[in-house]
Amino acid sequence: MIELENVAYSYGGGELLSEISLKLAPGSFHFLTGPSGAGKTTFLKLCYGALIPTAGDVHLFGQDVRAMTRDDIALSRRRIGVVHQDCRFLDHLPVAENVALPLTVAGADRLEDVANMKELLSWVGLSRRADALPPELSGGERQRAALARAVIQSPDVILADEPTGNIDWEMSQRLLTLLIELNRMGKTVMIATHDLSLIRAAKSHVQARVLRIANRRLQLAGADL
Amino acid sequence: MIELENVAYSYGGGELLSEISLKLAPGSFHFLTGPSGAGKTTFLKLCYGALIPTAGDVHLFGQDVRAMTRDDIALSRRRIGVVHQDCRFLDHLPVAENVALPLTVAGADRLEDVANMKELLSWVGLSRRADALPPELSGGERQRAALARAVIQSPDVILADEPTGNIDWEMSQRLLTLLIELNRMGKTVMIATHDLSLIRAAKSHVQARVLRIANRRLQLAGADL
Amino acid sequence: MNAVVAKVLGFLVGDAQADRVVPPAGFTVRLTLFTSAAMAFLMVFALALSLASGRLAATWSSELDRGATLRLSAPPEQMAAQTAVAMAVLQTTPGVATARLLSADEQRALLAPWFGPDLPLEDLPVPQLIEITETGAGFDAAGLRLRLAAEVPGAVLDDHARWRKPLVRAAGALRALGWVSILLIGAASAAMITLAANAALAANAQVIEVLRLVGATDGYIAQAFVRRFTLRALAGAAAGVVAGLIAVLLLPSAGAEATFLTGLGFRGWHWLLPLLIAPILGAVAYWATGVAARKTLEGLT
Amino acid sequence: MNAVVAKVLGFLVGDAQADRVVPPAGFTVRLTLFTSAAMAFLMVFALALSLASGRLAATWSSELDRGATLRLSAPPEQMAAQTAVAMAVLQTTPGVATARLLSADEQRALLAPWFGPDLPLEDLPVPQLIEITETGAGFDAAGLRLRLAAEVPGAVLDDHARWRKPLVRAAGALRALGWVSILLIGAASAAMITLAANAALAANAQVIEVLRLVGATDGYIAQAFVRRFTLRALAGAAAGVVAGLIAVLLLPSAGAEATFLTGLGFRGWHWLLPLLIAPILGAVAYWATGVAARKTLEGLT
């Protein structure tokens, strides 16, 4: 689905990431860890085409990102659900419409989605806040809404950047369960997190690989987690 | 320092918080927990005068918030350092100037602060990013900058809302150490967090009380943590 | 043609869903609406001024454009012969459209202010006046004077130039001033609307970013904004034009002096001109928002 | 006085630190700068137009204000007597400032266009002309006619009103139009600058919020923004005024027709008027930013 070959990235100073190669196979489940500022968000941005690598190649669904037009990138984003670390919304639309936004812009919102949506919102615990505006949400509610927005279109790949940073343990478990279920249905999942207990909890339910960014390289973390 | 007497708050719907009474004594150390959406941020906002309670009284440094002018509130904020959950900065000023902002607006930035500032930035691991603009920071770096900004003025009270949500375990420990040191110097500290291991780690260094918001009430959590 | 109409209609009706993604209220709305309205209002005034001074200039030039007068003094017995010669000369002069003898009644009317209506014209050595109208190109007054001096010594050519030219030039200057002001206000309007569109788009940077992140294509995003802002600019400009027309109608009610200034306001098909203002400003907004949207989008990955 | 000067100076020099908290660039800068510049430019033009039409109106009214003419026809032997009576009547008519007999030369000059310069005026039954100038209040033409009919039957009063009034009225209308346009453009400028200030402040909502959260007082925040935007509006307006003056100077270079329209441009102390535009627009920006800043701040806790 997403392939990185010998990728490097630099924001202008020294290289932040170097020699990164990775193939995200369909149905795989990855965690991404590393100290704050190591480049987790940067790595995910490379994976969904928001950044173009300064060296090496990235392929999204078989296409080279360098050869993709802006519309190709836009269309590929309909197949990749992303939970951004700083989740942003359209502040003038209620939560429910924000969650449905990927469907709206794809021109694909149909009646049957309404039921899906209700179920999804209740799973992430936002049923009662469906009509609130995003600025009225608490920090954790925003993250849950962002997760719901990322999965509503049932994308092939789900990339989540610290999706539980502001969420309590029980709710984190619920979100994790949702992602594990989606993974069981064949979706590729990658979660960037610094919460090791979340990784441990996941490992008992799913075969997850843990990647670690250290010294600008992507390493496979051992079984010590 | 900060006193809440039988406080209730509602955003317009039902009451979110009810019958809350609390006295933050100088030199005390509190943790605040509760599920996402319980009202932790709301509670902290009541504590620094950003919200006026719908019932009951809040006293900041002996003054009733209802009787305080806008300038009184502004001045009281120079004695309360706040780490907001959604940390915002002046996006056109580099990190160092953002961190020094409370000094700037108080007209109190002097030469000796420069040394302080350097030390503070290096403690929170931002020395190398001091000249970056806030939009160029990673999520965790933003939170660390927000903490630095909150403590630079050495305020009497420090209120931190999920200050470690995006930060790895080791850096969280450093930040906690900083707050514990400040507490030892007599500052009052309150940290809202959902990270129970952080609370556990703190308890071995400092006598911390853990408050919990549940069913709209503020409860003292037992020794089970 | 039908396809174009369908496209314009589709643009106006729009996609209700796409529409909602653009924030409906806020200062950008007020800015766009008010800017278009104010500039449209000023343009209506500038237009009225230009047209009025255009009419004024036309009146002046036509009234004063009677051309020239030939004054023929001769002893009574030679008068008829000299007149015939002068007419022949005039008719062969290039640039002279018509030459006409003034009748005794006409001469009397011209002299009435000086001598009263009962002037016994027949008894006076009154010269014969010949009214000349020029063609567009005009005639060579110096050349004509030379020919007349040779053939009709008693003829004096008065080509009115002394009196007419400054007035016609003044009217022309007034008309030019009107068009300069309409050009200036038009340019300022376009720039201001462009700037307002840019400001509005910059203020909506987060909306554009979020849309791009959830997979909206550039076309979709640009279209949503372009449509919204074009309609706003159109609505504002329409309101401004209506207000301007009302103001123009109310203003010169003061007077019957319309005779000279021909009044501020619109005449005949000129009424159609202010109706063009709103579409033009709308087109500017359409273009400006499109450019600004595409520029903003290109800054995003 | 000194305190005021010190305050204004302090405002202009400002607090270098406080200054940095307001973002220095971006579309709000361009918006404020350009809006002030464009509106100042238009105001210079409107001012030039008003002053020029004011001068035009003044020229017309003074040139045409020659008052009235009395035409006296009488048999040659009675001419002197009748003239004396008429003069006596005129001198006792309230509202008549002066009454003056036209000399033979003057009469000949007036008639020259019709009869040529060699008119034997002495041999003709040419009426005597008396030039009357009115006082500000003017005289009662109908009353004067009655008295003249009784005492000097051969006198005809021609009070020029037919010719003069519409011209003077037209000039007045032109002058009024100039002032209306300056008022309109001024009002639009003020509104536009107010709106730009509001837009700029709304765009900087996050800056204001952050400042408030870190303990800045309302006065500090408002002052930082007010200063920045006032200076920007001043700078923009000054640039617009300079550009406008240059344009005004360049425009009417076309012509010597200045004789009639008296030229677009400024004369004498009128040059001081456009220099007032920038301070006025600056004051508007000062006031508008202050109000907008305080409103924004009051929305924050």
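We call the chains A, B, C and D, going by the order they appear; numbering starts again at 1 in every chain.
One rule holds in what follows: a contact is a pair of C-beta atoms (placed from the backbone, for glycine too) under 8 Å apart; a residue touches a chain by one contact, two chains touch by 3 or more.
For clarity, every value in this text was computed on a predicted model and none was experimentally measured.
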{"item": "Touching both chain A and chain B (chains)", "value": "none"}
{"item": "Furthest chain, CA centroid comparison against chain D", "value": "A"}
{"item": "Gap in Å, rounded to a whole number, between the CA centres of chain D and chain C", "value": "22"}
{"item": "Distance between the centres, which are taken as Cα means, of chain C and chain A, whole angstrom", "value": "62"}
{"item": "Chain A and chain D, separation of their C-alpha mean positions in angstrom", "value": "67"}
{"item": "Chain contact graph, described as a line, ring, star, complete graph or other shape", "value": "ring"}
{"item": "Those chain pairs that satisfy the touch definition", "value": "A-B, A-C, B-D, C-D"}
{"item": "Sites on chain B touched by chain A in the complex", "value": "11, 33-37, 40-41, 85-86, 125, 129, 136, 138-141, 144, 161-162, 165-171, 194, 196-197"}
{"item": "Contacting residues of chain D [partner chain C, same complex]", "value": "26-28, 30-31, 34-35, 38-39, 41-42, 45, 49, 71, 73, 110-111, 113-116, 118, 120, 124-127, 129, 156, 158, 165-167, 169-170, 172-174, 177, 180-181, 184-185, 188, 191-192, 195-196, 198-199, 202-203, 251-252, 254-255, 257, 259-261, 264"}
{"item": "Sites on chain C touched by chain A in the complex", "value": "17-18, 20-21, 23-25, 206-207, 209-220, 297, 301"}
{"item": "Touch list for chain B against partner chain D, complex", "value": "45, 49-52, 70-71, 73-75, 77-78, 82, 84, 88-93, 97, 101-102, 104-107, 109, 149"}
